[in-house]
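You will see chain A twice below: alongside chain B first, and alongside chain C after that.
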Partner chain A sequence: MIGRLGKRLMPAALTTGSLLAFVAFWQVVSLYTNPDFLPSPGRVWDEAVRLFHTPVGGKDILAHVGYSLRRVLTAYLWAILLGLPLGLCMGWNRTCEKIVSPIFELLRPIPPIAWIPIAILWLGVAEGSKVFICFVGSFVILVLNSYTGMRYVDPLLIDAARSFGASRRQQFFNVAVPACLPSIFAGLQNALSMAWMCVLAAELVGAREGVGFIIIQGMDLNRPPMILVGMILIGIVGSLLAASLRWAERALCPWRRELV
Partner chain B sequence: MTEQTAKIECRDLSKAFHVPGQDQRLLVLDRVSLTVRENEFLVVLGPGQCGKTVLLNCIAGLIEPSAGQVLLDGTPVTRPGPDRAMVFQRYALMPWKTVEHNVAFGLAVRGVPMKERREIAHRYIDLVGLKGFEKAYPEQLSGGMKQRVGIARAYANAPDILLMDEPFGALDAQTRYAMEQDLRSIWEKDKRTVIFVTNNIEEAIYLGDRILVMSVLPGRVKAEYAIDIPSPRNYTDPAFLTYRKQISNATDLSL
Partner chain C sequence: MQTSPDGASSPVSLEVEKTGYLAAAAREHWISVVSLILFLVIWELICRFEIIGPYQLVPPSEILGVFVDKLSEPNPDGALLQQHAWASLSLALAGFGAAVCIGVPLGLLMGWYKPVNLLVRPLFDAVRPIPPIAWIPIAILWLGIGMHAKAFIIFLAAFVPCVINSYTGIRLTNPVLIRVARIYGASNFETFRKIGVPSAIPMVFTGIKLSLNAAWTTLVAAELLAASQGLGYMIQLGRRLARPDIIIVGMLAIGLLGALMSWGLTRIEARFASSRRLS
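Up next is the complex of A and B:
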């Protein structure tokens, strides 16, 4: 009886335990450190409460999160709209692969951050350049994942579909695309966290709003707690985004067995 | 249509493949000719590497022969079609589809309405003994059950011809016997023209009306046996054992 209840509570207990241990460790370390370098968890909490009530740069903290999120999601949707079909076509059609992949292989190794200067010159310091950076980051990942996923589709499944008289179109939409859904989801997951990373890089370079701006403000005002609040917010929002995608994957790919 | 009409006819079928790193093309099928009567159960028996699968793929229309032709009811085969259905050794089920949707695959491809698809799928799921597993995913089934889905999928599309490519090759001996018995009784209930490829003599004698023995590469038809044992057949029947001795003496398949 205890065993069964224990099994159900165990994961939750482990999660809470590990978070508490982390905060405790932080608390202990902060006791022995100059508080100007590493503020204690309590001070960071107070700072978070203060930021919720006092606007920074004319906007409250949730509005800043909203700005960053909007940039990320706009870029992400464009990346899905353009990158997914492109990657799938590259994996499906030889001609398409031969045309696109040489260009893509050249652009791929350029880190998204390296696009920041040219993006600012082209699109200005406002929204355009930030969305563009996020787009570049997530687009590349989405193309690569859907392309690889398509290349690893078992040809036997295509043969089976062909033997039942499926047209080329049916082979693509009813067999090949669902077969690579798992790698598409891996790509969606990675692309979203990449976009989230890129938005911060872009905001650090120059922004008047967004989570990146809060961190830079913290640095300019010499307020470590403010920087940490910004960083923790980034972590929380990022993991919420990842969790919602994992949930979507479970709902859309119920046949997949998972190890954990 | 008379008894004598050929349902399937292969005329001097040859197939050669280009092998990377070799100048000469590898001859896999060498002027194979055969005929199959309507509703006959033909077994093609041969060791690995005798071009059995290539022969089947040519008849399915999945690959094009280098020479010769395949005729179905007198018409040359150029592409796959709903008149033929294939059962694969590695099952080839769609992992994202439930048993029901896998079985209905061929029907969905042909645009059969949803309700009718469901009905037909359920009928054949019952026939292969998988009632209650309609909503399961292939991943949750054993090898034998997966192949039952494969057989139901082929049957559900109402083909004239079933092409079976070592369908029980990946199963353990026990399951294999059970599947052979079930396949034979399903076929007796619902007769189709079958070409069944195997490397197992027992399986060939248990299932076939007629057995074609093929040689190792290049694949040729080496011998032909008509199996005249009434159903239900028994693996230890004297007549069965006589056929078995006769065929294994005449072939290089050791048993």
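Up next is the complex of A and C:
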């Protein structure tokens, strides 16, 4: 029992230890550099406390995080709603694949961030363009992952279902889709971190709120501590998003537990 | 009883099945061609009937003209398409090259030698969850709006996948192979060089491909924010001037160059892997 508990606590202890080591390293480096160049961890902490009490650009710092999260999650849900069915369909049906893949292959190599200028031209600098960028980023990953997952479903499974008299619909929903869930979940993970990166890029290019705005504001005001607080916040929120998705995966695909 | 051709086994019906398959393949090919043409036609019609105005989208027939013009006409963004492309390419490849040269050996060493891992891990773990794009503002403050800031960000973006994949690759080395080498008296370094590194190569290549992708994406982001040349700068200026033709040409150029670079990398990987198999 203690051994198992120790095994579960070990990674957490290691991460904490390595973070502490990092902060110590940072402290030592900041002692020997210009404080305007690299502020010490203490100064960044003070700045964080200050930012949590005074609004930036008229809004609370947590409200900024909320704005970014809302954009990411809206885009993410749309990408799931449209991307997963499309990818699964492409993997299952040859005709569907042949219709969609040339257009998809044409647009796929363009990084989502390169869509920012045209998205602003189409949808304005407001919410629309930012949600669109995040959507493009996560949509492509979701389609690719569900498509390849579907293509690599063991044909033996489908044949077995067919020989037990399963209808085409049953083969799809009861056999093929559960079989490619691991690949879908990998896609969901990557798509979420991609969306988080895209919202940041979109907010850096032009926004009045959001986490990207905090760091760009820090740059405009020439305040490195503020930028660092923003960066740390971005890292923490990103890790929390990934962790919550891992938790969802464990709840939804319990048969993959040994691999997680 | 089902009478599907799948079950047929006589040579004659096999021949029939083969031509049937070819015909099906040809038909499927046609579907793709038709779908692509339909896509372009719909795009053209949307612009011709001005469902979307000329300040937001231009028809594909004009894109081609703009693309050709851009090869010899520096206006409105001050440089030719190939100059922008070269500026972006050289920057991306510099950052990517440095990341591969440092990241791959570091990842391999971290995976093999515990002290290296303990030394580097904290730095790496703390930096990893922050997307490289979030470094842009502080990099600009540190290094100015020049080449250095962009190269630094691209390096960061490309560095992480290189390290992670090399690390995982060498950690997955079959322990039996390691023990065999030890039994035959190989030193730790020799085992690392002759067993660990070769067995990690496939994972290393996956990491290099991922990092090329990351480098190219991050380059575009960095050029959108701070640049006076490069494809990202070109599309950003296209937005300011409300010139969708310039933006779309730039986007296509970015996509094309990215695809070409990954294709080249896949070729290198294939050659490298096959030469290894021979020796």
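Some notes on this structure:
FYI, the second predicted complex is superposed on the first by the 247 of 260 C-alpha atoms of A that agree within 3 Å, B and C clash if a C-alpha of one lies under 4 Å from a C-alpha of the other, contacts with A are read in each partner's own complex, and residues count from 1 in each chain.
Convention: a contact is a pair of C-beta atoms (placed from the backbone, for glycine too) under 8 Å apart; a residue touches a chain by one contact, two chains touch by 3 or more.
Bear in mind that the values here come from a model prediction, so they are computed numbers and not experimental data.
Of the two partner chains, chain C is the only one that A:P117 touches; chain B does not reach it. By the touch criterion stated above, A:G230 is placed in contact with chain C alone, chain B being left untouched. Contacts of A:K98 after superposition on the shared chain: chain C is touched, whereas chain B is not. Residue contacts after overlaying the shared chain place A:L157 against chain B, while chain C stays out of touching range. In the superposition on chain A, A:I133 contacts neither chain B nor chain C.
By the touch criterion defined above, A:P109 reaches chain C but does not reach chain B.
A simple residue count on chain A separates chain B from chain C, and the partner touching more is C. Interface residues of chain B, counted against chain A in their complex, comprise 60-62, 80-82, 84-86, 88, 90, 92, 94-97, 105-106, 108-110, 137-139, 157, 163. Contact residues of chain A toward chain C in the complex are 15, 17-22, 25, 37, 94-95, 98-103, 106-118, 120-122, 193, 196-197, 200-201, 204-205, 212, 215-216, 218-219, 222, 224, 227-228, 230-232, 234-236, 238-239. Remark: chain A residues 154, 156-157, 159-166, 170, 174-175, 178-179, 181, 253-255, 257 touch chain B in the complex. Partner chain A is touched in their complex by these residues of chain C: 28-29, 31-33, 35-36, 39, 52, 55-57, 121-123, 125-126, 129-131, 133-138, 140-142, 213, 216-217, 220-221, 224-225, 232, 235-236, 238-239, 242, 244, 247-248, 250-252, 254-256, 258-259, 262.
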